[in-house]
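Each in structure tokens, the structures are laid out below.
After this come two complexes, each holding chain A, first together with chain B and then together with chain C.
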Partner chain A sequence: MADPLHHPTSLSALEKIFSNNTYVAIDFSAAWCGPCKTISPIFVQLAKKHGVESTLAFAKIDVDEAKDVAQKYQISAMPTFMFFKEGKQVAVNGNTMIRGADVKSLTAASEKLGGLAQKKKAGV
Partner chain B sequence: MHSKLVIIGSGPAGHTAAIYAARADLKPVLYEGFLALGIAAGGQLTTTDEVENFPGFTSIRGSELMDNMRAQSEACGAEIVSQTVGKVDLAQRPFKFWLHPMGDEETLEEETHTADSIIIATGAKARRLYLPGEDKFWGNGVSACAVCDGSLPIFREKPLVVIGGGDSAVEEAVYLTKKAAKVTVLVRRDQLRAGKSNARRLANNPKVEILYNTSPVEIKGDEGPRGLMKSLLIKNVKTGKEEEIPANGLFYAVGHEPATHLFKDKLKMDEDGYLITTPGTTETNIPGVFAAGDVQDKKYRQAVTSAGSGCMAALEAEKFLAEQEDVDVPNGIEGETDVRKGKPETNGDVPEYRQNPLL
Partner chain C sequence: MSAPLKAGDKFPEGVKFEYVPVTDPDPKSCGMPQEYNASQEFKGKKVVLVSVPGAFTPGCQAFHIPPYLEQYNKLAEKGVDLVVVIAFNDSWVMSAWGKVNGTTQDSKVLFMSDTKTKFSEQIGWMAGMGERNGRWAMIIEKDGSITYAETEKSPREVTVSGAEAILSKL
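Presenting the complex of A and B:
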């Protein structure tokens, strides 16, 4: 996997990812955000570990580049992590989103989604 | 792991100390912290957009300046560990400390690390006021960093409020006018503490309104998990009159808290928690423990003064370590199991700092 992350820069690009993947985990970040940079390599690692072709995609969205997406989801602090099933936002482990660079919650959420994706792929 | 010199902190003080210590062959290990206190490695400058007063750099993004410092520390030979120090024991030398696992600030790793000398450069963090409504709207309008959050879509062309009267408040307010419809500055007293040219720039800005003798009372907004801040209840502290002003963003610029919780009851600190150092030096009350940067400076708090004190700390640590070595021992410091005071000067070139000309 060259780059385990998608980098949509518009709502239409994101819609494509939604239609091609059952589950999507998104990292809303900004180039000038320190904690975003710190947690970024961890998000990449989680994507490599838990990503499943067509079933679970990990995407990183720069809120300055994809202003329409940031506006739609009312991103108010970076980083913010959101999770989607079939294009609709869902709660994972009881959180509709993770606000801030919370490694523990992000890892747990990615593991949970990874498990669900594996099951889906296996047709269970 | 045992090190001759450990540096805790990764701002300008920490990295300048690392550069000097590495070049003095002290093989320093710098613990940059993993989101310690919620701030990325590099410290407060990573939350600053444009730095225009660091000599040698007309204008540079804060995070870029810190990336440069980090790269230089590594290139000089400093070892950088991306973990947060969770506990220290300074009762005797070698000093002991324990790390948090990466991303976990609740548990401590088992391994006990030791150091012959420590430079504390853990810096400070912006203060919050904990007003009613603050927790609810944190991230949904309330922030302590105008540069980090000021460009967000929820603040574009909206009325914003900055609380504070110092240079930081003024600079943040001016920064926010670029994107906001209006910026109201709430100053607790009847005048700004900020420098004259900064204060003038603020007062002359057409988008700015300064309210003196005014304090915030409560943050209000829409209900629900994504409810955004809509207004701010304010009070004139002299007349007692309260009013509610429309505001979609509130930015704190009310001072800093030094990151010294690790050293509570272990090192001398003042009533605000800043580490006390012997004037003109970076020495704390424990020989071998030095403090540099904002953690021991509530007066200047600039990147360049922190860098300067980081250099002082490294030079003082070098001298301290040299004084601990008994040069007659065949294997040097490794051959000794107890620390004895050796010759006071092993290298006649080590400069003596009796008085800091800047203070």
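Presenting the complex of A and C:
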């Protein structure tokens, strides 16, 4: 099964994902962070369920590998989930970001984005 | 290496520390070292900056830092907005030390690492024990002027850099 997640390791790689997808959901995590490992499979599942080619991409960013990205978005706690529309950070369900392994909020946000992506794809 | 700072000097620009913010003590997230631009952040605040030779070391843990935590309210009554504790240890150690001492997300006593710009070394106040910071304390007013800056003659003592001394000068 192809990896439903993107793994950009630099700002330029992330920019490419932004330009190729209307919406992007990002999981900022670290290999050594326990809570990140716990929520990781859920993020993968949400990506498989809600991802839409060119419309909604899910990306996982390792803050140690992509230091420039972590710095740009001032990541202070992992995992942090952020959502983007056309490369700009947006709030989903009232949150501009989700800090911590909050499964409920992440699932709700992914569903919301998934819905928006479907509408976009259908040209509504 | 610049000269030691003294009362009447201005807190210099470009002083940066590093710290891991205390995120929820709940196991849902892990903190990440952040740069703390002290010169910027201190502006408009009355700050007590305390330097210690080492986190968890007996002098610091037993005599120096606990009084600052216990008497924080007294310091706040005298207008102190923030207490920053620095040492040469890295951000992780400082964060753990803070947590052990009971600091939380809202704590106004912050534990930070001096490894970023080696401020203590810059002002020449070291402990004389390898890379360890000296034991000193400074009161920095809202406009950046330093109204108190004293270092211990011996890093093993806590006199001029202790909470009592600072309180008496506020």
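Everything that follows uses one rule, which is that the second predicted complex is superposed on the first by the 123 of 124 C-alpha atoms of A that agree within 3 Å, B and C clash if a C-alpha of one lies under 4 Å from a C-alpha of the other, contacts with A are read in each partner's own complex, and residues count from 1 in each chain.
The rule is short, and it goes like this: a contact is a pair of C-beta atoms (placed from the backbone, for glycine too) under 8 Å apart; a residue touches a chain by one contact, two chains touch by 3 or more.
Since the model is a prediction, treat every value here as computed from it, not as a measurement.
K.L.:
Looking at the combined model built on chain A, do chain B and chain C fit side by side or clash?
P.N.:
Clash: chain B and chain C overlap once superposed on chain A.
K.L.:
Is A:G34 touching anything from chain B or chain C once the two structures are fitted on A? First, second, both or neither.
P.N.:
A:G34 sits against chain B and chain C alike.
K.L.:
Is A:K67 touching anything from chain B or chain C once the two structures are fitted on A? First, second, both or neither.
P.N.:
So A:K67 only meets chain B here.
K.L.:
Under the stated touch criterion, which partner chain does A:G115 make contact with: chain B (first), chain C (second), both, or neither?
P.N.:
After superposing on A, A:G115 lies clear of both chain B and chain C.
K.L.:
Could you say whether A:G100 touches chain B, chain C, both of them, or neither, answering first, second, both or neither?
P.N.:
Touch status of A:G100: both partners.
K.L.:
Just checking: does A:P79 make contact with chain B only, chain C only, both, or neither of them? Give me first, second, both or neither.
P.N.:
second
K.L.:
Touching A:G87 in the superposition: chain B (first), chain C (second), both, neither?
P.N.:
A:G87: touches no partner chain.
K.L.:
Is the number of chain A residues in contact higher for chain B or for chain C?
P.N.:
B
K.L.:
Pick out the shared contact residues on chain A: the ones touching chain B in one complex and chain C in the other.
P.N.:
Correct list for chain A: 32-35, 63, 70, 74-78, 99-101.
K.L.:
Could you list, by residue number, the parts of chain A that touch chain C in their complex?
P.N.:
30, 32-36, 63, 70, 74-80, 99-102
K.L.:
Spell out the part of chain A that touches chain B in their complex, as residue ranges.
P.N.:
32-35, 37-39, 42, 63-64, 67, 70-71, 74-78, 96, 99-101, 103-104, 107
K.L.:
Give the list of chain C residues in touch with chain A in this complex.
P.N.:
21, 23-24, 26-32, 34
K.L.:
Using the touch rule from the top, collect the residues of chain B that touch chain A in their complex.
P.N.:
For chain B paired with chain A, touching residues are 34-35, 38-42, 46-47, 49, 61, 63, 102-104, 139-141, 143, 147-149, 151-154, 225-226, 228.
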